[in-house]
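The next part holds the structures, each set out as structure tokens.
Shared between the two complexes below is subunit A, which has subunit B as its partner in the first and subunit C in the second.
This part shows the complex of A and B:
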């Protein structure tokens, strides 16, 4: 059964490549089949596909909505046109210059605003688009003012001068190339890191992923593509003016991505085709903006995932391009876990030391003078009433909060000050009380995201799908499978994480945390929502992990489980440590019974 | 009060529930037990109308509710406390509790609400201490107390509970189970999905064990607590 499935998958893959090749071949034949009018429209679609594929990377993968990319297209168009008309440089040189300038200006917007993110970033891009449009109108000397630049020469290559047909073929080739690059990127550690950061910034940072690096890469690449598209358009059209780069154009770009389906590789193609053809068919040039508004309404109401996204859902197959990470059918189950945890340290030594930790939230004193130390290789449990500060303490250790007072040290080295992703790189990993799996990613990809902090190839490697990238990807896949074997996950590994039942989500989250190669693992109520049998499995897993030399800090309310698994128990109440000791001592302490267990529980457990 | 016959739910190719029959009387507590992915949450969701069944009939108070949407069933007096603490984060604890009255049939007088409030605060002093705090600043367990209280204050006819003990200190779990019992004494029917099978069966009159979308077996709580299959898979060794 399974091997049939594998065969089907492979067949489907080949079928997709074949049909894509046929479509591209048909499109390449268009110049000899169509008149100039339609060829022009196809050319326009191509330029939009180039820009919008970058926008798709930004909106669909990074979750950044830029409403100013027309300004970046204008940058590419004007810089290249100025250089080719004034300095007589060849198209190939000026296109590169246009892309570079677009990259520089894009970076100037992105670098200061990515941290702010979300709505602020969108507002900045709107402002940028408006400012660029004004600059184009007023800076006569460079832009030619409202009249624009005309007489832009067509590209030349070895004495051959391009005409509309060959410009169209050039755009077709570039569009296909760009789509392939984006598809490669989606199936790489970069793509996974982008989606992870978009879905849940804190969880991504806890896996060692730096939001800035990932989102800047996305913005920069989209700026380069916008610049390239602008340069190609200018040199095909031989005339550009500020009108082309109005605010409306930026809106149109966003609409193409959303209509087609943000986060789907082919979305921009579908979106651009519809948005270019529809106004022409309906002959409604004057009502263009109203038409766009109407389409936007319709899409958001009826197709929130866009055309390709919704079609993909309906067909039950993932055009979205979930990485094809299907395990080879013959993959052997390893009972051993070779080199999964390379740098386990000797047991007995102190792994983590907390000294006089205080944490305030406004008037709330959540942690008061918390001190204890955690031995290497031990399971150290934190128990206490709800609201006692257990999770707050975990957040302080993992770097999500910084303590107002007190010091933490890991293996004798001070842990402050630092960022969330730095803490992960130092060897601390965590799970969350509420599963924070990345829902758009598959189970296997979720685990692979955990490796993105340590093992991510260069951006160019990811785009080009180089041998190094492929090798890396194979290694990560294999490791991810081993980790899923280790936690005993038997289900479908290529299923989107959103479809996992709750208990499995918790287990996969542990595998993901382990993928960061931690020395110290922080687990926040891992057994919540598990059956007795499942808790038994969890217990086996934790014993295996400590045998590998990992140290575990555990928050848990299942007392019999805590009693069996813990080497040491620290009890917190009202943010203070009531005591630290062996589980049998702590759980029979009268203060603990009174504040936390209740007399009934003790009677039942006995 | 609630009767389910031949309920089937599919998600695409996956059959989540197969021929489920279930009865629940007013004032009765019935436990639903099963491992993760067995279909327990789907069962609750299809009763409330969040999931459309493919086959089968659900009647509530003698009326068919199989095709009703969640807002309609809520108005009939069915209340679901979902797994995972859905509080309104920027509202205060007190405001969250007030919202519990929103979907109550008829109206509640101010004194009545104050009385309800007092009994909730008595049960969960933590909520009283934090009554003017934004709900998102509560710890996970405190949020769970809040969600439960919010459902209880609306005095539903049928209360669907999905893992109420999740993330709660043992002493609080006992409190919560006591409140559930009290609510049932007042006539509310309670369908209790719970992983702490031992505790759930100790307050429930009957239990259904769901495995792979089917009712694997069912019976009186006292019998289930002795059942070898139960002890092995769900009760653990005590």
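This part shows the complex of A and C:
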């Protein structure tokens, strides 16, 4: 039995494709098996799947909620209907126009709100949906007012005129296509970048991922899909009116996504099926919205991952249980890391120079006139008591904060750290004081996210899973394995990062930072919480990295470790540099001891 | 000239209501970074309860007023407990947005079920007389909003500055971890913020019903107006919200008079989006330390 299951698992991919093909074939046969009533319902499910797959991308992957997508569907529906009834253009042209207009209008509202962040997008999209509804009612000349537009022609293709059956097949084909595209996207650098940004935008930015770029890409794609679905619906139904595009419709779309399971490819299918059939089963006129609200609430409370997400989790646990018993495919380990760090710069030259850096937080003067330079290929440690300004300094170098005064230069060129993601692209990578791994992603994916900033292919490549994308993906995977080999990670690489022990989390974070191909690596207390053995491993790793020509700035409290590993030490106290020098000199300097232990202790010891 | 003055006063009257409602967002947002997306529906509920108590149950005006405010405040306490507390998981959480929207839908539909779609105006205790200022005619019941809201705001400020609850609210807004280390339950403080926010919504709704027709479907539009105010000012800036509320009220009245009533809302939201392009943190926001990702 067990061996049979294992055999099954080996062909898991094939099995999934086959069963999906069978289901799609069955669905395609539906027009000849069902009456028009049910066919209509299936058609509705299809249009919802198209819209909600886009919204799933937004909610489940990007982590932002739009409650105005009914307005974007309306845009697609009305623009295409107007053009085909008034100008007599063919469906294929007007559908494109509808998608385009939906994209343009969606972008106008999304660009500032995504930048403003947080709940702004949700708030503004609600307002957008309401305004569009008003416009549909009042702008008679274009929308036909409350009566809407009727007599919208069915699509034609080479003399053939679509009917309900063929419209259904069209929707089915488009839905399947859209689902495949989203699945491709999730398995690409774009998908990983989206999830990374959703989980922790600061950590994502530290890998060179710009929040705006990924979230806007998600929104734009969802707007196009909403426009498409609107156009298809209008031309199948041959009549549209403002009633279809209420605030309630937008809420229903959100409900479909979270009920099915945000962030799962099949979630919208399950959600749409339930929400289309539910009213038919219940036949309730009153309190229908209250019921939807109640379902939404219940899902958030009891099934936060939605139906597909929860089922997938249960199934996944079972499958992994079986899979563990089988031998894991052996991967050839490379002890050499030839192509990881290409740019070995001449050691001895100055990598980073700080000149008179000041940083205030209101009345607090966190950094006062900080100046020192970091030699290429050196390990330069920052030490000092808590609150001395070490992390603040790291934040200034990495672009998270801007300095109030002072200049920085990198490799002799003036460095103007505009933002965290910007600085990463200049070759400075960092880790954080507290672990900021992306918990939803696997260990391997976490490292691969680090390459998203530099090696991400175009959005279209990711959607279509082109050969270029596949090639790129293989290269990234190989590099990620090499980096994990480099840090000496031996465990399961396909395990979610949330299950890693703490010490391993810190090491994987370093591998992730290295994936951005930095010249300069900033480490904020990497050894905190590590066991002595793990610190030994860390020390070896840092030595390897400097041997490859990397420069390291290290904040650390383990003084013996600092003494062993550092080429230079800078001591900070109350935001001021007390001194910079060789570790053995600095760590025995009375001023440094005084900073750490206090003046009285020193006096008593003397 | 007298028309302009008349429009100004009307605008200020409706604007101070917007400010009152929008402050409800700000009160909770500064404390734990969440807000009740169903604030508009709460305002509606305050108005509908007020109308029901005075016109159907024939309760005295002030009793109905206090009851409407208290009931909505209590409801918001429940909303905090059920729809916020479990879902308040850091700055990127979206669950509370969804859960409070769900609450809004439920409130509106249940109110429709019990109350029906009718609209009504609560008779104002100041009567239907006109106030004449420099040739401009304003209804007393409209004008009275200004002193009443001013009084409420003074009460809020006193509570905020003088009571120990107010101190804790301010402290939590500043640093939530620190307040927990001091042994004060931050959950309790968040709950207080929500009660206050609900109180403002209830008062706003009850007040509103004395001059404008209230029905169960006004909630969404009101909530959106208040959101616009909050965005214009910056959600974490209470003074700015009062100013932005008044400005929006006046702008609305003038747009309705001189440009178009039909597309008034479009102008308002268009303005909000333009402000977001121009100053994402709000018009009146004093810049804190900005994190640049």
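We adopt the following convention: the second predicted complex is superposed on the first by the 569 of 606 C-alpha atoms of A that agree within 3 Å, B and C clash if a C-alpha of one lies under 4 Å from a C-alpha of the other, contacts with A are read in each partner's own complex, and residues count from 1 in each chain.
The rule we apply is simple: a contact is a pair of C-beta atoms (placed from the backbone, for glycine too) under 8 Å apart; a residue touches a chain by one contact, two chains touch by 3 or more.
In this text the structure is predicted, and so the values were computed from the model without any measurement.
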Fit or clash between subunit C and subunit B when superposed on subunit A: clash
Superposed model, subunit A: greater residue contact from subunit B or subunit C: C
Which of subunit B and subunit C A:122 touches, first, second, both or neither: second
Touched partner set for A:130, first subunit B, second subunit C, both or neither: second
Which of subunit B and subunit C A:596 touches, first, second, both or neither: first
Contacts of A:361 with subunit B and subunit C, given as first, second, both or neither: both
Partner chain(s) touched by A:301 [first = subunit B, second = subunit C, both, neither]: second
Partner chain(s) touched by A:421 [first = subunit B, second = subunit C, both, neither]: second
Clash-bearing segment of subunit C, relative to subunit B, as chosen among 79-87, 115-123, 169-177 or 259-267: 169-177
Doubly contacted residues of subunit A, that is, touched by subunit B and again by subunit C: 361
Residues on subunit A engaged by subunit B in the complex (per definition of touch): 316, 361, 364, 383-392, 433-434, 491, 499, 501-504, 525, 528-536, 557, 559-560, 595-598, 600-601
Sites on subunit C touched by subunit A in the complex: 33, 35, 37, 82-83, 86-87, 91-92, 94-95, 97-99, 101-106, 108-110, 113, 220-221, 224, 227-228, 231, 262-263, 265-266, 269, 272-273, 276-277, 280-281, 289-293
Contact footprint of subunit A on subunit B as seen in their complex: 11-13, 33-37, 41, 83-85, 126, 130, 137-142, 144-145, 163, 166-174, 195, 197, 232-236, 238
Residues of subunit A defined as touching subunit C within the complex: 59, 63-65, 67, 108-109, 111-113, 115-116, 118-120, 122-124, 126-128, 130-131, 134-135, 138, 198-202, 204-205, 210-211, 247-248, 251, 254, 258, 286-290, 292-294, 296-297, 300-301, 304, 361, 399-402, 418-421
